[in-house]
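The two complexes that follow have chain A in common; it is paired with chain B in the first and with chain C in the second.
Moving on, here comes the complex of A and B:
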């Protein structure tokens, strides 16, 4: 029995839609068939709260008088990209203050959401139309025109877990990896993860409304490194990082509870991003997809000590969540890097918003690519 | 009772047999878990002391007299819990069982009595929420 988006929205408006989190529906699926779930459940909320380096926001500072073509710009000492129009800039989450590499774009973005004041310094060469050559100002989210978050790659579908076979500690974006397989870290919310609940993106595409750090935003495009060709397991779930999303939302509407700057030792600055996506249960196929549990989702354990981080094992999220997995006959501790507690909180908030009719569902304006692969970079002078 | 402490030595006393005196005079059992002590410099020692409140108080008075601070391990490990996002990154490096995360609620549990002052959590926390008083 298929449902349309309109029928689901009407049920929401009448107040009798059944909205569950992906964890709740995974438990329900232990008793009920996909057909029964499709008949009973209308919307399933998914969420994640992890470090996503490919994040940032466009900001328009407003024009000083006389004008300045801002070419070299810093906020609290952190360079921000000014290679666009006069007072537009892009704050990249991983950019750092050269004098304090533990402080960077992620911190600026978090501070802006909190309503804090930042010191802007900008320089330009002086032109006939923009004669000023320097400006210093204190700015905050209310003083500037727009702050639009545009994250080129978020919500990675199934990021691989990480370990370290070498004899020395590795400091990575996957956390501190202890020598001789001292630990394994992983960074997805598993059965609650957005793109694992709709693995072929039937309901998620351009124009899909998302919860982005507390604001309502949209999927603006496929994310970078979007890959549909990764091997999948018998449940149709990719075994390592596959599809991604580019996301856009108004930073002025965000909530600091769902956005946190991070510094990974000897790696750099990043940003924890809270993301939630509701999935309409249109039919039995989607019901089967949202029913997946951590026992069915597998990921690849990659060795960060080796060139290219080769995969060395395949594990389920149920095993990773148990606290240790067996690797080459020995028990290795596992630790998460993305916050399941926060992801659950987002899934619950989103559930309430969907139920209240505050988060209308719609079909994507256009689907994301059905065939896409990722290229490496061949270097100048390479013979091959 | 058995408790873990950090002993903070000033540079003047690192040459004195403090632990010997502690055992001999106050009859407390001292198990040294970790030490960073060098002549002419301030030092720290992580110890587990087994005794009763009375003997411990006497030992503490002696240590104070020798300018050695006796800091319960719980005070040595600083953690800004209110800012914790429960990501779990610190649990990847904590082998003493002080920092754990898991079912059912996946919030970080901190059992300071298990801390061994290894300090690995300090750089492992992406939000920089841990501090450790140990060593120079």
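Moving on, here comes the complex of A and C:
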């Protein structure tokens, strides 16, 4: 039995819609068939809360009088990108204060969401139209014109787990990897993860409304490094990092409960981003997709001690969640780097918003690519 | 000085009194999986006690949100207001002393409260103090640098 977006929105408006989280549907699928789930469930909420380095926001500070073409800009000592129009800048989540590499863009973004004040310093060469050469000001989210979060790559569809075969500790974006397979870290919310519940992106595309750190935002494009060609398992789920989303939302509407600066020792600054996406159960195929459980989702364990981080094992999220997996004949402790507790909270909040009619569903304006691969970088001269 | 729970495997008989005391005190339930101290059965009547030594502090350096800090007593503490539940601390603990129970929001660990030591019938547990080391102090640099932006 197929449903349209309009029919689902009408059920929501009448208060008749059945909205469940992806975890709830996964449990339901232990007893019901996809056809039965399609008949009973209208919307499934998905969520994730993890460190997403490829995040940031555009900010427009407003013009001082006389004007300044801001070319070199810092906020609380952290450089922000000023290579755009006079008082526009981009705060990259991983940018760092050169005098304090443990403080950076992620902290600035969190501070802005919290309503805290930042010190802006900007310099320009001085032009006939923008004669000022220097400005210092205190800014916050209410004093500036716009702060628009534009994250080039969020919501990775699956991500490889990481381990370390070498004899020395490795400090990576997957956390500290202890020597001699001392641990395995992973970073996906498994059966709650948005793009694993709609693996071929039938309902998620350009224009899809999303919950982004508490604000309502949108999918603005495919994310960078979008890859449709990764090997998949028997359930059609990619075995490593595949599709991604570019997301946009108004930072002024965000909630600090769903966004948090991060610093990974000897790696750098990042940003925990909370994302939720509701998936309309249009038909039996989508019902089958949203019914996936951690026992069906697999990822690749990669050895970060080796060049190219080769895959050395395939594990299910059910196994990773159990706290240890067997690797090379030994028990290896596992732990996530994304917060399942926060992801669950977001899925519940989104469920309430959808039920209340505050989060209308719509078909994508345009689908994301159906065939895309990722290129490496060919270096000039000596590649060593 | 660092306050910590000192363990003596040679005295442990595996009675599990310590896990019962700990899990009941903090989770209102006698459940070894919810105890900050663990008793590992090594076979042949031998047991290995595992609890945070409060000294290595890898979790303090690892926590991406600086939610894990060191109290004046030297005890490693988790600030639930800052913890996002990512469990990076669980991953990095070399002895598995940072604990997590599925479905719970936060990790947990031994805070050297001494409740288990008081009840241990074989005196295998005690609250003791030890000197700070260069390794144990390394966390302070990380926390200080991230806590406040430079003026």
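Here, the second predicted complex is superposed on the first by the 381 of 384 C-alpha atoms of A that agree within 3 Å, B and C clash if a C-alpha of one lies under 4 Å from a C-alpha of the other, contacts with A are read in each partner's own complex, and residues count from 1 in each chain.
As a working rule, a residue touches a chain if its C-beta (ideal position, glycine included) is under 8 Å from a C-beta of that chain, and two chains touch if they have at least 3 such contacts.
A quick note: this is a predicted structure, and the numbers were derived from the prediction, not measured.
Three-chain overlay on chain A, with chain B and chain C in a clash. In the superposition on chain A, A:272 contacts both chain B and chain C.
In the superposed model, A:76 lies in contact with chain C only, and not with chain B. Taking chain A as the reference, the larger set of touched residues comes from C, when chain B and chain C are compared. In the superposition on chain A, contact is made by A:342 with both chain B and chain C. In the superposed pair of complexes, A:211 makes contact with neither chain B nor chain C.
Of the two partner chains, chain B and chain C are each touched by A:264. Legend: residue contacts after superposition of the two complexes on their common chain; A:130 is shown touching neither chain B nor chain C. Of the two partner chains placed by the overlay, only chain C lies in contact with A:103; chain B stays clear of it. When the two structures are aligned on the shared chain, A:90 is found in touch with neither chain B nor chain C. Across the superposed pair, chain B and chain C both touch chain A at residues 49-51, 102, 175-176, 178, 183, 185, 260-265, 270, 272, 321, 323, 333, 335-342.
For chain C in complex with chain A, the touching residues are 58, 61-62, 64-66, 84-88, 90-92, 94, 96, 100, 102, 104-106, 142, 145-146, 149-150. Those residues of chain B lying in contact with chain A across their complex are 85-89, 91-93, 95, 101-103, 105-107, 120, 123-124, 126-128.
Partner chain B is touched in their complex by these residues of chain A: 49-51, 102, 171, 175-178, 183, 185, 260-265, 270, 272, 321, 323, 333, 335-342, 344. Within the complex formed with chain C, the residues of chain A that make contact are 49-51, 76-78, 97, 99-100, 102-103, 107, 175-176, 178, 182-185, 260-265, 270, 272, 321, 323, 333-342.
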